[in-house]
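Note that chain A is present in both complexes that follow, paired respectively with chain B and with chain C.
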Partner chain A sequence: MLTLQLLVSGLANGCVYGLIALGFVLIYKATEAVNFAQGDFMMLGAFVALAFANDDWAGLSFWIAAPLAMIVMGVFGYLVDMAILRRMFGQSQIAVVILTIALGFVLRFAAGFVFGHEPVSLKSPMAGQEVRFGGLVLGLDEVSIIVVTVALTMLLWLVFARTRLGVAMQAASQNQLAAYYMGIPVKRIHSLTWALSGVVAAIAGILFASKGSIDPSTGLLGIKAFAASVIGGLGSLPGALIGGLIVGLIEPFASYYLAAGYSQIAPYLLLFLVLVFRPHGILAQIHAKKV
Partner chain B sequence: MSGEPLLVVRNLEAFYGPIMALRGVSLDVPAGRIVTVLGANGAGKTTLMKTISGVMDPEKGEIRFEGQNIAGAEPDRVVRSGIVHVPEGREVFPLLSVAENLRMGAFTRRDSAGIAADEELVYSYFPILKERRAQAAGTLSGGQQQMLAIGRGLMARPKLMLLDEPSLGLSPLLVSEIFHIIGRLNREQQVTMMLVEQNAKVALDAAHFGYVLELGRIVMADSAEALKQSKDIQEFFLGVRDESPRGQKRWKQRKTWR
Partner chain C sequence: MRTLFKTSYDFDIRLVKHAGHALWYGLLVLFALAVPLLFDVFLIGEATSLLIWSIGGMGLMILVGQAGQESLGHAAFLAVGCYANTILQDRMGLPFLLALPLAGLISGFAGVLLALPTARLHGIYLAIATLAVSMLVEDVIILAEPVTGGVGGLVAPTISIFGVEFDRYAAPGRFYYLVLAVTILVVFAYLNLLRSPLGRAFAAVRDSEISARAMGVDIARAKATAFGLSTAITGLCGALMGHFAGVFNHESFTLITSIQMLMMVVIGGLGTIHGAFFGAAVVVLLPQAIVFARDFIGSFTGAGSVAVPGLEAAIFGVILVLFILFEPLGIYGRWIKTRTFFDLFPFYRKSMFRRQKSYLKTERMR
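Let's turn to the complex of A and B:
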C-alpha cells in the first residue's frame, strides 16, 4: 500500500516535470533553442491563475480563472518571441540560452515584487479532496494531474501529427530554409510555438499550485524538468513525459529507501548515467542531420 | 500588362555581407517558356533565385511579377503570388512522409479539393512517389528526393517555377528523366520555368532562351539554339574542343564578352 502511494505521488510529481519538459521540447523542436525560463513560465502561469482565482485578488471561479491564465500565458509566450527572440534570429544558440536564463531571473523578481515571496496556495476545487478506488485513498489533485497530463500529451501529439499547423511546425524545425521556400511563415510559426509552450506552462503551473503552495522561486524546478527532458531525449514529446515520470518516481522512492539527502541528487545522477550511456536520451529521434 | 513578360528583373543588386553577388542583373522570363541561367560556381545564380523568391533581400533594383513589384517581399507573399522555388540540393523535410511533404508544398493554399487533385497530378508525373507516399522523405534516394522537391513545388500551383540545379548529384539517366518531366510540365501544365544549371547541355536542350551569368553580371543573352552554336558556350560550358590545324588548342583563349 505504501509503495502504491509513493508511486501515485511520484507519478503526479513526474507529470508536472513532464509538462514543463514538454514546454522545453516544444520550443527546442521548433526553434532549436532551449528556453531555460520554462520553469519560471510555469511559476508565472500559477501566479496568474492565482490572481484570477483567489479571493484577495480577482476572486473568479477556478473554472474561469484557469482558462484565462492559459490565454494570458499563451499571449505572453507569443509576445516574448515576437518582441525579444525574433530580434535574436540568426544569433548563436548560446546567446538565446543566456537570454532565456536572464528572462527567468526577471520573471522571478517581477513575481516576487507583485505577489511577495511568501508561499501562497491557489484556491482550487482539487485541493484537499479525496478519491477512493476500493481500499485505496488518493488525492484528487494527484489523480487530476495524471489525467490532465496524459490527455494533454495525446492532444499535443494529435496536433503535431494531424493538423496542418502542427505538420508545418515539424517542417519548420526539420528544414527551416525549405519551409521558407514553401511559403510557411517560419517566424509566426516560432511565435505560435512559444504561445503553445506558454499555455502548457500555465497548465503545469495550475496543476502544481493545486497540490501545494507556490512562491516565486518555484520556477527553479525547471532545472529538474530540463534534466527530465534530456533523460527522455530532447526533441521527443513522449520522451519528455517519460523523462518527467522517471525523475518524479525516483524522488519519493529515493527519499524513502535511501539516506536523507540522496533524493535530491538521484535525478541528476540518472542524468549523468543517461548522458554517458545514451547521449541522445531514452527516446532519441533516430536521425542524423544530413550534410 | 499585355506584352510584358511574366517576370521582369531590372538592375538587381544583392550582397552577401560585404561581397556584391549580383551586380545589376536584368532579365525577362516570358510566360509559358523555359528560361535558363548558366554560369560557373559563384557566378550568382543561386543568389539570383533566392532574391526573386524573397529569401534574400535585394539592395537595389526591381523584380516585377505580373506587373507587381515583389522585390524584398516576404517568401510567403511571393509563393502566394505564384512563384515557387525548388531549392538546390533538394531540401526535403526528412522526417515527414512523402505525402506530408507534398501537402506542405500547398501550405499557402486553402482549397482542400484542389490540393487533393494536385497531389494525384504529382503522382501521375512521378509514380514512384505514390508508391513511397507513406515513407519518410529522408529515406528516399537522391533522384526520388529531387522528384519530391519538384512535386512539392508543383503543389503550390505556381505560375513560375524557379529550379535550382535539378541535375545536382544525379546519374545521367536520372538527369534526362527529370528534364523530360520538366519539359512535359512546361508544355502540359503551362508552368513557366526559370532554370539555373551548371550542366549547360541538358539545360540548353530543355530551354527556349538562355542567359549567361558571370561574376554577378549577365554577359550573354540569346535563344537556346543560338547559345548552343556559340563558340564560347561550346568551349566553356559544353566542353567542345576547337582543334587548330596543328592539333593544338586555341592559343589565345578569350571569351568574347571580356
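Let's turn to the complex of A and C:
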C-alpha cells in the first residue's frame, strides 16, 4: 500500500514535470530553441489564474478563470516571441538559452513585485476532494493532473502529426530557409508555437497551484522539468511525459529508501548518466550527427 | 589611423603589436599598481573583487569564447578550487604558495574528468550536462560533511607567504597586490595560449568542428584540454574567492553563480580578454550602482530606501537581454566599433560588423 501511495504521488508530481517539459519540447520541436524560462512561464500562468480566481483579486469562478489564464498566457507567449525571440533569428542556439534564462530572472522579479513572495494557493474545485478506486483513496487534484497530462500529450501529438499547423511547425524546424521558400510563414509559426507553449504552461501552472501552493521561485522547478525532457529525449512529446514520470517517480522513492540529501541528487545524477550513455534521451530523435 | 606594415610572420603572434599597445597597457598596469595608494579600503576591496571575478571570467572565456563550448556549471569548479585550497592549507598544512597552484591543478583535473564522458556532447546538450554537474556538486558539498564542513561551511585560513600575512581585512592593500599578481599571470598565460597552436585549434573547433577535423585537429582532445585549462583557472579564482569571502559554504557556489559567470562573459564580449574584465566590472559594480540609485531616488521621494528582493537579478537580466538583442559582441565589441568608427571616419559602415546568419536545420530524424 505504501508503494502504491508513493507511486501515485510520484505520478502526479511527474505529470507536472511532464507538463512543463511538454512546453520545452513544443518550442524545441518547432523552433529548435530551448526556453529555459518555461518554468517561470508556468509560475506566471498560475499567478494569472490566481488573479482571476481568488477572492482577494477578481474572484471569478474557476471555470472562467482557467480559460482566461490560458488565453492571457497564450497572448503573452506570442508577444514574447514577436518582441524578443524574433530578433534572434539566425543566431546561435546558446544565445537563445542565455536570453531565456535572463528572461526567467525578469519574470520572477515581476511576479514577486506584483504578487509578493509569500506562497499562495489557487482557489479551485479540485482541492480537498477525494476519489475512491476500490480501497485506494486519491486526491481529486492528483487524479485530474494525471488525466489532463495524458490527454494533453495525446492532443499535442495529434496536432503535430495530423494538422496543417503541426506539419508546418515540423517543416519550419526541419529547415527554416527551405520552409520559408515553400511558403510557410516561419516567423508566424514560431510565434504560434510560443503561444501554444504559453497555454500549456498556464495549464501546468493551474494544476500545480491547485495541488499545492506557488511562489515566484516555483519557476526554478523548470530546471527539473528540463532534466525530465532531456531524459525522455529532447524533441519527443511522449518522451517528455516519460521523462517527467521517471523524475517524478524517482524522487519519492529515493527520499523514502535513501538517506536524506541523496534524494535531491537522484534526478540530476540520472540526467548526467543518461547524457553520458544515451546522449539523446530514451526516445532518441537523433540517430547520427549529420555533417 | 595606424597602419601596421608586417614584414615577418612574427608580427602576427607578437604580444605587443605596436607602440600604442605598450603605452596604454603600461599605463593600465601602473594604474592597477597605484590603486591601494589612491583609494580607500572599500574601493580597494571592490577592485580586488573585480580582479577575482575577472580571473574566473577568463577561465570561462577560454572555454566559451575560445573553444566554443558552453558551460552552465562553472560554479562547481569554483567550489572545487575553493575547497581544495582551504583543505590543503588547513588539513595538510601546505603553504599558500603550494596550495593555490595545487587547487588549480585539482580543479583542472576535475574538469578533464568531466570532459572525457561529455566529449560527445555539444551545444545545448553540453550546457545541460554541465548544469547537472553544478546541481550535483552543490548537494555533494552538503553530503561530504566531514571534508567540506557541510552546511556550516569552512573558514579560509589567513594567507601567509614567507612569514608575511596577506589578510583581506588587516592588510587589504597587500591582498590586492597578491590578487593582481595572479591576475597578471593568468592574463599572460591566456595571451600565450592564444598565439600557440593549441589556441588556434580551439578557435578551429569553435568555428566549425567539421573543418577543424579536416585540418587535423583532434577534437575530443582539444575539448578536453580546453575544459582542463578553463577549470584550472576557474579553480584559482575559486580559491581566491574563498580567501576574499573568508567564510563559504555550498550556497556560495549555486547554479545562479554559474549562470552569472556565463552572463558575465557574454555581456563583456565573447572571445576577448577585455570582455572578461568588462563583464567582471558589471558584476561587481552593479549592486553598488543599484544601492546608489535607490538612495538617490529615496532622497527625492522622501521614502526610505526600500529593499526590493530579486531586483539585482532582474536588472542583470534586463541588461543581458538588451546586450544579446542589440550588442551581441558585448561591451568590448561596442568599444571596437566606436574605435573603428573614428579610425575610419568618415568611411565606417554598419555592415562591417554584421555577422553571418545561420539558419537552423534540425538534427532530428523523426
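Simple rule for what comes next: the second predicted complex is superposed on the first by the 285 of 291 C-alpha atoms of A that agree within 3 Å, B and C clash if a C-alpha of one lies under 4 Å from a C-alpha of the other, contacts with A are read in each partner's own complex, and residues count from 1 in each chain.
In the analysis below, contacts are C-beta pairs under 8 Å (C-beta built on N, C-alpha and C of every residue); 3 or more make two chains touch, one makes a residue touch a chain.
What you see is a predicted model; the values in this text were computed from it and never measured.
Contact with neither chain B nor chain C is seen for A:R278 once the two complexes are overlaid on the shared chain.
Ranking chain B and chain C by residues of chain A touched puts C first. Residue contacts after overlaying the shared chain place A:G235 against chain C, while chain B stays out of touching range.
Once the two complexes are laid over each other on the shared chain, residue contacts for A:Q174 go to chain B and to chain C alike. Applying the stated contact rule after C-alpha superposition, one finds that A:R164 touches chain B and leaves chain C untouched. Legend: residue contacts after superposition of the two complexes on their common chain; A:I184 is shown touching chain B, with no touch to chain C.
With both structures placed on the common chain, the touch criterion links A:G112 to chain C but leaves chain B unconnected.
Residues 174-175, 177, 285, 287, 290 of chain A are contacted both by chain B in one complex and by chain C in the other.
Within the complex formed with chain A, the chain B residues making contact are 53, 55, 74-76, 78-80, 84-87, 91-96, 100, 103-105, 107-108, 138, 152, 156. If you check the complex, the residues on chain C that touch chain A are 70, 117-118, 120-121, 123-125, 127-129, 131-133, 135-136, 139-140, 142-143, 210, 255, 259, 262-263, 266, 308-311, 313-314, 316-318, 320-321, 324-325, 328, 355, 357-366.
Those residues of chain A whose C-beta lies close enough to touch chain C in the complex are 29, 32, 34, 84, 87-95, 97-99, 101-106, 108-110, 112-113, 117, 173-177, 216, 223, 226-227, 230, 234-236, 261-262, 264-265, 268-269, 271-272, 275-276, 279-280, 285-287, 289-291. For chain A in complex with chain B, the residues that touch the partner chain are 164, 167-168, 170-171, 174-175, 177-185, 285, 287, 290.
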